[in-house]
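First the structure, in the form of structure tokens, and then the observations on it.
A, B and C label the chains in the order they appear, each numbered from 1.
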Amino acid sequence: MNSRYAAWAVGLAALIALPFVYREPYHLHILVLILIWSFAYTSWSIMGRFGLVSLGHGGFMGVGAYVTALLWNHLDITPWIGIPLSMVAAGLLALVVAYPCFRFRITGHYFVLVTLALSGIVLQVITATRDYTGGSLGYTPNRAPSGRGLLALQFDDKTTWYLIALGVWVVGLLIWRWVDRSMSRYAMEAISEDEDAAAAAGVNVTAEKLKITLISALMTALAGALYCQYQMFISPDTVSGIAVSLQMVFAVIVGGLYVSLGPTIGAIITILLAEGLRIGFGTKAVGWDNLVYGVLLVVFIIFLPKGILGSVLDRLKPQPKPSGTK
Amino acid sequence: MQAFLDTFDIYLLEAVVNGILLGGVLALLALGLNLIFGVIDVTWICYAELVMIGMYGMYYMVQVFGLPYWAAAPIAILLVAALGAALHYIVIAPLLTAPPINQLLATGGVLFILQSFATVAFGIDFRNLGIRLPVLAIGDMHFSYSRLLAFVAALLGMLAIYFFMKRTYTGTAIRAVAQDRQIMSLMGVDTKRIYLITSALGGALAGLAACLLVLQYDVHPFVGLSFGPITFLICVLGGLGNFVGGFIAAFVFAQIISLGGLYSDLEWGYVLAFAFFIVMMFIRPAGLLARRS
Amino acid sequence: MLELRSVDAGYGTFQALFGINLDVRAGEAVGVIGPNGAGKTTLMRVISGLIRPTNGTISMEGRDVVATAAHRIVDLGIAHVPENRRLFPRLTVDDNLKMGAYMPGARAKYAERLEFVFDLFPRMRERRSQVAGTLSGGEQQMCAIGRALMSDPKLLLLDEPSAGLAPVVVQQVFELVKRIRSGGLTVLIVEQNVQQVLKVVDRAYLLEAGTIRASGTSEEMLSTDTIKQAYLGV
């Protein structure tokens, strides 16, 4: 166990040290993207691993990004306050949709479709309010006057962003671990296996599910807001809608749903893939990256449903005894 | 004041009628999705994207190859039917024993594929048939013939499905599979074949919807997003697999969208519909018509 | 007519049948009796193709049943009335019967078979447009047997036709089995109601823990001590 902590500590130290010895801006940029999306994917998997497959996370991410940017541009509210507010907004949205779902046992297909509609609707709202949000053309937070970058949470140098993203990513993993370890995990597993049995055992199914959903939505909104602050440009397609939701699911499935680093692996693979495709096909070939994405998603679900990391770990692990866990 | 009220009523009535007309097409879409869910227990997340492909098919046949509309429509329907069957054969069939969530996500992957395929193959420009049907004026109200045609054709399509399901052996078998799939082989029914036929039927309904929607809307790779989510809400509210529930819910939602659109943008109509849906989940959590078991 | 030779079958890693040898000759009525969980239903399912044997051969009039696709076994002349009847609850009686005549050969004779079934069960004619799920237990059994008869089978497999029915209705069901028999149909029937079933069948097999423990004519079975003690309570 100690050696595992040591490995984590060494790995983390290396990651922190990295931008101080290696400064190639494009590579750092890719790393920041990977870390932010890893955080978003991790937050999706917190719900997803308990069988709560949400396709509404594109919506939460969109709320996080747009609310933060709109507050800054229109009301001069600093992202330091705007981000928490956007998270609250996403959390409320999550509760409003999730509460009736869980309360009335809307599960499986129904839950997926309801959440899917949620991200579709958030996208519609962003498009409908085009006078404020710029609609499908996208939106840019106002540049802060020089010297006030910290207040506006706008930084020009990649190292700062790298460290912020790294910090958030680590926090995401810690939350994943905390949920994994905490009592509610047993409850949640009982829920995803058999809701009636869980309820009979005294687990408040609705409350447990809501808790997980809330955590997940708050984290996703934070990811959206950070993405906005980092890229300084958001559009409905990149931070909201069904496509973004599916992208999260895709990455988590590729990486592995039941392993803490699975979503991160998924982010590394998908972002490198997207960048590779983008460079390989050139800028003219819009859509090719998503085409390959889609094909891979289907292939993965058919042939490797446990994801890359999950499947590799399965193979590495000594086979559990027949009477063992699972 | 009186004059104001008169116009107001006229617009209201016009919106109500347009809502009914929209309901026909939405009901058609819901029927296709419900059919597939009821029989195969799978939800095609990419259903609206099949419609999008059908719309492009119509665009190319009519606008590029110069086929008349009435000749292109059956071909488009067959095309999307074949696409539906292929979707089942390639993606769903290998996953029939997998957890349902995997089937659902795989069709999500297909949504990606179809959207980006359309982007790559057809570009992101908005296209239309260039057919402008006349507008029917009754008093001060205006109804486009394309909507009337869509409504009538959608009803006819649903009627055709109804008779197929009631009268033919295959239709009866499709209904039977939805109730007890294990014993179908005792009847001499090849379930795999029934699934394939059902998928083709679901595709054909999407194809028909495409032929009707392409008269009213421009087609672009993401057009599916405009009516996909609303179709899912309809199916959930009506009860997945419940044909009658889906039919009623389609008309309810169409009214909300149409009346909502009267006071502001169409997008807000969708938002209103979603809000209505959330409220309905509290009131009738088991669906509009709780399914008889 | 029907021949099973050293048939093994089961579900996943669980084996339910061990080396079953069983014969049904044309025109016979044969019973399979035994306690709960002995593998009786599995035996029926393996004959009609709902599950496939892991070992052994099954043949129907010399044709290989195991090599026939599950949904084609009806064409060999085998009709299976499953345990718990398994009607399509939201289809009408008519539609349920129609499903029994799904195979192309049976479709051609649909009208004729429908008359036959309605003559056998006049009650079904009255209820033809009623949804099957709303029928009484006895009516459901009639409908299930009727559905199987629609395919004009040579061999009828009946799995626990008396299960869950009131005693009076059980009597009626066995009367029906007798009538079906007298029409020249071959019947293989699985029952827990040993006393009743031995009155209608010519021969019977005793199935225990997945193996055939005894077989013989109904009289022989009735006089066997083990059966008397274990199943007849005498």
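Here is the rule we go by: a residue touches a chain if its C-beta (ideal position, glycine included) is under 8 Å from a C-beta of that chain, and two chains touch if they have at least 3 such contacts.
Everything quoted here is computed from the prediction, not taken from an experiment.
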Reference subunit B; chain at largest CA-centroid distance: C
Central subunit by CA centre of mass proxy: B
Centre-to-centre distance between subunit C and subunit B (centres being mean Cα positions), rounded to whole Å: 44
Inter-chain centre distance, subunit A versus subunit B - centres from mean C-alpha coordinates, in Å: 31
Centroid spacing, where centroids are CA-atom means, of subunit A and subunit C in whole angstrom: 56
Interface residues, subunit C side, partner subunit B - complex: 48-50, 69-75, 79-80, 82, 86, 88-91, 95, 98-103, 106-107, 147, 151
In the complex, subunit A residues that touch subunit B: 51, 53, 55, 96-97, 100-101, 103-106, 108-110, 112-114, 116-118, 120-121, 123-125, 127-128, 241-243, 246, 249-250, 253, 285-291, 293-298, 301-302, 305
Interfacial residue positions of subunit B with respect to subunit A in the complex: 37, 43, 45, 91, 94-95, 98-102, 104-106, 108-120, 124, 221, 225, 228-230, 232-233, 235-236, 240, 265, 267-268, 270-271, 274, 277-278, 281-282, 285-286
Interfacial residue positions of subunit B with respect to subunit C in the complex: 169, 172-173, 175-176, 179-180, 182-191, 292
